[in-house]
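A, B, C and D are the chain letters, set down in written order, and residue numbers restart from 1 in every chain.
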């Protein structure tokens, strides 16, 4: 038998056939838990030896069954997820955890329960604000979630196991950040396309295996000679779900490298650690409510400010992006969103104001989550590259 | 052209006009307050903040409603286009886009109300009260208005749990406390903003008034079960805004208005008069928000004998007396008056037996097939119109599932009409009418099916 | 002194345009051809024809810049650049004070914010033929009219009718229905022009309309759309004498500037293989 | 003697049928052309001439289709979906799902045991989801309509279009041909895309066995195969699929007289 592949090759294999490992583990009697978006707390799954498996859509597969259950004016990514569910592509899941990511995301959990009927399901109603009360609420919600998982597995989640899980997940976060460090040089050592493959791969396998994969990738990337070439543009990619390499492939086929991103199949879930607090759940609640920066959360400079200062407000909401732009030396930002995504859509004008103010050029691209939709975007990206070069 | 051979197909309620006028007064009141230097806030409909703001002497106006007013008067399009020019994607909520366009126009005019604004316009706000309830649009939208106003935004968070999670032990009390603390934080903020203390006694009054109004609205809806249906949804939409978007208006005035409406509807029931001036061939329910720009379309459906006897949105809650004597904290009283345990409201609505079935469904599947269909049965509805909105996710996302459940559980068919609350270009009336004709056959079919199954209508 | 020439080729979805300029930016030759299925591949012929017109051979051309929908696959080009940048540059050569350029071609509509020939920002229409020159082509073909005549016909209109179908194919049907109901031709055509202009105006509003506004692309040859665009934007709109050529001219000029810049930096100019071969599209 | 007339003025083709006692006496098809009113007149004249029936003997006329308003002699206008249901029911009483592929739109309906429409859904208003897309491509590829279906089945490698627009699809098809792509691969790509859209519509109303195809699309044997592959069932094809709606209209006319 051939040597099992490692590093980037392995990442690509998993990217192309995501469920393969999950199916193997299921054979061995492990429970596989699907989750949508990045708000369902993974540490609690890992603590109970459940394998977290992120649910994605497939922009290469036409949506044919989901339209019966969800109007086409809704997020095509979620419609695609549902479509795959209805086509029995997620039948190997033992359960599914959803959270209040957005309206359609919440609705989907009910629709999924009605139509796909995965045996176990749980919904976490993550609040939108960072008010003190919200933190308390999130904490309570996580207690419920913990109980639900315990009932599901029939095992207690000990503090010890939970702490251990937090440590492995933090390790994963650190490894991802280390990987992103390798994107800082010019040319970057790993391309945007490869990055998505790696991230999607680690969101498809148990966390410890993901860490091993990350380590392999990091050492391979550091040493290889056939990495990306220097290009005139170093881009930061911001946006809603991007679970396919098609868009970065198109961009990197032009005179640009995607060197940094703020998307949830990218840096978003990994750039802050979970603090191991005395009461472990406190730290988890704080992380998942406050640390993940995503337009679904209402963030403002100071909730008790009686006067709004627009620019300062934008600063608080988006300054991490200017840090990214500075540290990864990007000279342009591509804002990307699937059509009908409200949470990202409302942020676009403000975010562009902010970037304009800093003199960072940006462009907004909207697509309907099909592969074919990307071709017409090519001229736009190229035009943008001509503007910034 | 005054040659009206045939009376109009819709039979409008006279009492509706007075109520409708109250909404204009609310906006006039806002402008007046602003001119006198009193504070005006823009708020979202969610039922929590308005009474608190009014108790603090803040006038409230409602951009959601204001946008539908613009649409109804046919002046929304320039605002929509303005919002597009500001770089807002066109799929965003029509209310929000109208409001963005309006705000941008205001900035252009140095904070003055645009002269083309209907009903006197909405004055510049000192505060924007967003809401985490119902949909994402309603907090993202106000947040993004920061481009136009230096008014702070406060988002009122409210729990929006999954059904099964709502039944989890301890969840209800946690949610109640969440609300109480959340609203108290809001009050603390308001006190800081306005430099004065909350008037808790006033809250008892402003908060309680809604219950009276809702009680009359409930009674009116009870009357609408009659055959023929005495009140068409068109009148419901015209009048309901007075209850929902009451602003600082005296609740007693609105209560009186609905009381009069009750009398008029009652009179109709006694005399067998319908909400349409044509034989009631089909009884329908309208699910989703209405096409504010084309309410006249209901006239054309009434012409075919379609009587919309009930609607899904903004149905008043069943009036119940809640024993609040245990609770002395005014905020707790305020919250408990409205935020109920799911089990309790189900039991009141469906009776213990069916409520039990629903709860079992929820515990087992995480969803219920039966829940939320009560009005279809009670009003003996032949068919349902599902208004799928181009720009509103939260009211549209579940409609297709509803369509399946209605057929599965009650054998009631639905007609999907695509359109929008504000954007008239999303609606094709000719096509909708064509499909309406075919849908009559579908309704006939399911009448037979229900009969065969021994269902009561 | 050696004369130096630069060529720009704009391989559009509908029209292929070639412009050759000399070192003083003077146009030596320009050729416009229907792209058509064959000509799409035979861009080389269009190039040859313009060389003949200018009395030059391909070796006299210092640099060939390709732009337009089919730019990527022009085998004799030295470099490709998007039509966005080229239009911005080209338009400025006619109207130096242009701030907003609107280009409506066969495949899409674009709005370009520019200053001194530089592209600052842009918007582009979506993947639907409604709102493009194709829309007018399809309908004029169905009515047996010449595309050149639409403009004059529409100017006679006193009361334009609105066309409610957005889909080009169905609008064609609707137009036919209007006509069979006796609506005057000019009113229907004026309605179509208004539909196109309205779409573009809403789109370019995102760039904040500032004079001078210049309108280019094949559709700018249509006086009816020009008028409708002025109405929809509420400001005057300038049209160059040959609105089809701005992309090709811009390409030629950008080619020249590219060469000059490289020379100034003491670099050698990278040129392609210069094969006067057929172009291909779907790669 | 009582005759009944059903006239379907479609977006591209007008169809008419005269019945007597439930059986067809005469049928007629002609292009709708640019003037529906004219087409309607010619249709009536043509039908009467073919059948030898006198206009006075027509007891009732029902008009349907896009241009139904232009049939002056019509006693009633009825929505085409209802007529389609009636028509197919008279041919295949056991059919419960119908896919009606017309020029301007595609509709899927469910029938009850009495031939009434129990549920239905109509495609979006974009030509790329209708039979018209096939016509456009067939036209530019210079293939006769009746040949596109069989030809599409010869393809091993259906082309995926880079555009979702029927109008741009036309020019794309042309360019692809000139670049050497086989015509069957192009036409197969269009069929496949249409079949996908149709199967999504079928999903919306739910598929119940015994499913038929009607409308001009029912003449396209290739399209039928593509849909069958997508849905995994066999479709029933009436002998004259394009005339089903007109037949239904005639039946409606008879019912109206009873």
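Just so we're on the same page, a contact is a pair of C-beta atoms (placed from the backbone, for glycine too) under 8 Å apart; a residue touches a chain by one contact, two chains touch by 3 or more.
Given the structure is predicted, the values throughout are model-derived calculations rather than measurements.
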| item | value |
| --- | --- |
| Two chains joined by the most C-beta pairs in contact, as defined above | A-B |
| Distance from chain D to chain C - Cα centre to Cα centre, in angstrom | 39 |
| Where chain A and chain D are represented by their mean Cα positions, the distance between them in whole Å | 46 |
| Distance between chain centroids, defined by C-alpha means - chain A, chain B (Å) | 35 |
| Centroid distance [mean C-alpha coordinates] between chain C and chain B, Å | 49 |
| For chain D, residues that touch 2 or more chains besides their own | 125, 162-164, 204 |
| Chain C, residues touching no fewer than two other chains | 127 |
| Residues within chain A bordering two or more other chains | 67-68, 373, 376 |
| Overall pattern in which the protein chains touch one another (line/ring/star/complete/other) | complete |
| Complex interface listing, chain D residues touching chain C | 11, 34-38, 66-67, 104, 125-127, 132, 136, 162-168, 171-172, 174-179, 181 |
| Residue numbers on chain C that touch chain B, as the complex places them | 164, 202, 205-206, 208 |
| Interface residues, chain A side, partner chain C - complex | 373, 376, 379-380, 382-383, 386-387 |
| List of chain D residues in touch with chain A within their complex | 160-164, 196, 199-200, 203-204, 206, 230 |
| Chain B contact footprint on chain A (complex, rising order) | 67-71, 73-75, 98, 100, 102-104, 106-111, 113-115, 117, 121-125, 127-129, 131-134, 136-137, 140-141, 144, 147-148, 295-296, 298, 300, 303-310, 313-314, 337, 339-340, 342-343, 345-350, 352-353, 364, 366 |
